[in-house]
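Chain IDs A, B, C, D and E follow the sequence of writing; residue 1 opens each chain.
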Amino acid sequence: GSGGGDDATEEEQTLSVFAAASLTDSFEDLAGEFEEQHPGVDVELNFAGSSTLVTQLQDGAPADVFASADEANMDKAVDAGLVNGEPSIFATNLLTIAVPAGNPAGITSFEDLAGEGVNVVVCEQRVPCGAATERIEEITGTTLSPVSEESAVTDVMGKVTSGQADAGVVYKTDVTAAGDAVEEVEIAQTEEAINRYPIAALESSADADLAREFIDFIQGSRGQERLAEEGFGAP
Amino acid sequence: MSLTFRARIPEREVEAEFELGQGRTLGITGPNGAGKSTILGVLAGLLIPASGRGTVGGRVLFDLDDAGRGTWVPPHRRGVTLMAQRPLLFPHLTVLENVAFAPRSRGLGRSAARDKAMQWLEDLSATRFADRRPEALSGGQAQRVALARALAAEPEVLLLDEPLAPVDAGGKTELRELLVRVLAGRTAVVVSHDPQDVGELAQEVLELGGR
Amino acid sequence: MSLTFRARIPEREVEAEFELGQGRTLGITGPNGAGKSTILGVLAGLLIPASGRGTVGGRVLFDLDDAGRGTWVPPHRRGVTLMAQRPLLFPHLTVLENVAFAPRSRGLGRSAARDKAMQWLEDLSATRFADRRPEALSGGQAQRVALARALAAEPEVLLLDEPLAPVDAGGKTELRELLVRVLAGRTAVVVSHDPQDVGELAQEVLELGGR
Amino acid sequence: MLLRVDLSSFWGLITSESSLAALWLSLRTAATSTVLCVLLGTPLALVLARSSFPGQRFLRSLILLPLVLPPVVGGIALLHVYGRAGLLGQHLEVMGLSIAFTTTAVVIAQTFVSLPFLVVGLEGALRSAGTQYEGLAATLGAGPGTVLRRITLPLVLPGLASGAVLAFARSLGEFGATLTFAGSLQGVTRTLPLEIYLQRETDPDAAVALSLVLVAVAIAVVGLSAPRARAAARGVR
Amino acid sequence: MLLRVDLSSFWGLITSESSLAALWLSLRTAATSTVLCVLLGTPLALVLARSSFPGQRFLRSLILLPLVLPPVVGGIALLHVYGRAGLLGQHLEVMGLSIAFTTTAVVIAQTFVSLPFLVVGLEGALRSAGTQYEGLAATLGAGPGTVLRRITLPLVLPGLASGAVLAFARSLGEFGATLTFAGSLQGVTRTLPLEIYLQRETDPDAAVALSLVLVAVAIAVVGLSAPRARAAARGVR
């Protein structure tokens, strides 16, 4: 454990965090700060798509903390008995429309996406952002006929930043990360399809206290501040 | 077609010069490594000499100055056919297809080329191999087929590199007679170590010095 | 080592039988395709006959019944070395390395094997090629090197398939004298179309019928 | 892997509309890409093996590039060339040709990643076949075209065939470049690997079942087209 | 692509700690995998090219499988074998060896996807080299080991080398199987392609810059090891 250490030689300790790829930048910074506050602790970050991470955990990957980009994947981890205690929501993400710089197709609302000749790209309904997009379609009574239904938000963004698509339905964090390459067109009804990011300590953790401390740090003011910079919403 | 030849291939220490009248056969002899195959290679267009000049009936085959610049006609436009020292039968073609290769390349139709090839195989007593692959031939059998393939090209100039070396004693006599007939009136160069070949086939002889 | 041989290779319509006393040389002659190379291949262990039996000094090389079952000793344990009809020099080795191959395989050290190879090249007047690659040799030069490589193996039984075919006239006389010396006291089989080869090298002759 | 899928649901799954559409699309596009690889790769291999010119090494490296590029990066590179705003793509766009999000884009992505397989295999075969037969054929009066058609290509046919099989297999498994460059729409651009990837999000077992289908198709193609085993070492002439 | 990255930030980016760690890890693991491919692939290619036995076609298909598997599926398959609960993994676990999510896992993933390249290239070279020289060497008294070492392998060295280059290139670009099977831990399992993938999530331009590094390394390796161009067709003996 982390206890028992006097001011004598610090015991080297590793905290392994499995986090959704969309958290890369924020978690790398936060992990560095956490290490500074906890001398002797080395935070190892493993980033991948949330479903990949669950697969890895199921197959016995050694980890202390799991931060998922959606509740469905966290549920899978819970069902598999991997989680210690209750997951908690530490961030939210809202859908928005990304258009290439200059907005060539003149998109102003979600409904515009259904217009003639608009190349729109969305996530497929089997992945979280696709499910959220479908909910917005229902609420607005709009039926999109996308030219592509991607398996990850990153791939939707790729189509927009490269100008292949006239518009893509993505998360606010993605628009923030892309900087000048894209412009944002807000979705009025976006609050109806909120995406929640849960975090949890894992059964396989060798040091439940330290895992807890890391989760608290992410949910604390410094963690929330850094996440907000990336475009995440508060829980 | 009369033939003139002069070439220098210094990497192989080979240098030679000769002239040959229309319809005549030149026999080249000389020790191993003297440059016999090299000369045939240059004539056929498979080797580029450092310098030299070759003509057939006044038509230039190659004409390269000491810096290696000048004319050089590619092999398929020379009207010169080589039977190399090794049979080099095309391994993916049957014996008949090998012999029919040149007639086909000259534009003959499939069955006309086959007929022609069959005739040449008959002349060389090799019809019974017609459908075999080259890999299933004995050394002497392969040589006969290679000879048939070169003859079937009916070129202006025929180059034969030790055509009868692996042929059996009886076959040598038979094939020599055939070659006498075939080479009559045709310009040809025959390389051989066998004085009898040279004596019976060639009207002129080039004796290369050896090392 | 005395040699006995009896084999049937029906795919090639070859069937032969002979015995040879210790230290003697058998000359095999016969028309192209008679089966001369085939017999050497079976003796060397590169071809498996349908049936037959071969022994060297009483030791069995192969002994296969009509169903093809029985003993078959692999080539490297026969003490039989073949010089094939084509030189087949190892293309990735220099001439010297080619000739040193057998001594090295017999366990000689690198420099001892080199010395031995150099001696054989000297006997065959081929030392000046020692450092060349086989591709840079003329037909007759390659043949000399192949002969040197086979002789350097100093096997119990030596098989030579037309050893002098592409060699020049002067070389033939020189090499025949060398072979007479080398084969003295060694059991050997020599295939040749040249009656002079057979006459001077062989004490016994097997004349194969042709087709 | 087999243990994780029970048979009845397996059959239902692989015959579902989306699976069949993906399988059919994969087979069609992989076959087309293979043909394209042969048509483009053969001249390239000939140039690499039969001529020497300055910049040849660089050309070879360029052709082999897709091998080492992570497919996603390859897809990005394709976007920069053929995309709407790409080097070539913007001119095509003007001509009214839009490649983005079409099956054509899938074929381009697959051809891009598979071409090196064909070129490398064929170049090796051409080099080891050597030029002796070609030279001899020329002295028999055959021009370059005839030599190519009747000597060179038949001699390297085994190398060409094994290269084509590799290219087909690689096209069939192509995922990253297709996803990045062509998108993912059922029946149009969503090939079997993309379908598998999507299935994995919701039903990993189903993804495994679909993978088995892909594996079966691949084994069938590769197995059937394998070079016929030659009889063991026989014959020295 | 070049246009999107300005040079000063480019340099800072590719010399950042995480980039250098990823590059170094990539080079180390790709080199190790290539060595493993040669060690494993050479006997396999020999068995495929030089013997014939029932099930040979099946064995070949099996070896070629990773070619056609989308790498992610390959990664899942590896987890099922070497993972903690996997067929082999559970026994290794008992012995105190845990492979998943270590650098060893990266090497296994790369070897798995790269092996077919080596085997296919080498098998083709072995077949076209034929067995004549081997037979002749045996009659000169060389046993199977000597023949293999001094004749067979040197004769197919160009094929072996080009196979090894392909395997190295493929290992360097490996992404999907590594991510799934080995995870993405800086300095341990996060190779350059994984680093690029992560960068793309947050900074697409940086991803392009890193891709250029990968491309440069690949061009260097492939270009330098290319077969020396032979002089144009010369010589018939």
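The working rule: a residue touches a chain if its C-beta (ideal position, glycine included) is under 8 Å from a C-beta of that chain, and two chains touch if they have at least 3 such contacts.
Chains and their UniProt names: B, C = ATP-binding cassette domain-containing protein; D, E = Molybdenum transport system permease.
Remember, it's a predicted structure, so these values are computed and weren't measured experimentally.
K.L.:
What is the shortest path, in steps, from chain A to chain E when you may only step between chains that touch?
P.N.:
Each step joins two touching chains, and the minimum needed here is 1.
K.L.:
What are the two chains with the top count of C-beta contact pairs?
P.N.:
Top-ranked chain pair by contact count is D-E.
K.L.:
Using mean CA coordinates as chain centres, what's the chain C-chain E distance in Å?
P.N.:
The computed centroid separation for chain C versus chain E comes out at 44 Å.
K.L.:
Per the centroid of Cα atoms for each chain, what is the distance between chain A and chain C, given in Å?
P.N.:
Here chain A and chain C have centroids separated by 77 Å.
K.L.:
Averaging only over C-alpha atoms, locate the centres of chain D and chain E and give their separation in whole Å.
P.N.:
18
K.L.:
Distance-wise, how many Å sit between the C-alpha centres of chain B and chain C, to the nearest whole number?
P.N.:
Roughly 30 Å separates the two chain centres.
K.L.:
Can you list the residues of chain C that touch 2 or more other chains?
P.N.:
37, 44, 46, 82, 84-86, 88, 137-139
K.L.:
Check each residue of chain D and list the ones that touch at least two other chains.
P.N.:
Residues 76, 80, 132, 135-136, 197, 200, 204, 233, 235-237.
K.L.:
Multi-chain contacts in chain A: which residues touch at least two other chains?
P.N.:
55, 158
K.L.:
Looking at the complex, which residues from chain C come into contact with chain E?
P.N.:
44-46, 74-82, 84, 88, 90-93, 101-102, 104-106, 135, 137-139, 142, 149-150, 153, 155, 159
K.L.:
Could you please specify the touching residues of chain D with respect to chain A in the complex?
P.N.:
Touching chain A: residues 75-76, 79-80, 83-85, 100-101, 179-180, 182-186, 189-190, 194, 197-202, 204 of chain D.
K.L.:
For the complex, which residues does chain B have touching chain C?
P.N.:
30-33, 36-37, 85-86, 137-141, 143-144, 162, 165-172, 193, 195, 210
K.L.:
Where on chain D does chain B make contact in their complex?
P.N.:
Going through chain D, the ones touching chain B are 132-133, 135-144, 146-147, 150-151, 154-155, 157, 235, 237.
K.L.:
Any idea which chain D residues touch chain E in the complex?
P.N.:
Against chain E, chain D makes touches at 1, 50-52, 56-58, 60-62, 64-65, 67-73, 76-77, 80, 116, 120-121, 124-125, 127-129, 131-132, 134-136, 158-159, 162, 166, 169-170, 172-176, 193, 196-197, 200, 204, 207-208, 211, 214-215, 217-219, 222-223, 226-227, 229-233, 236.
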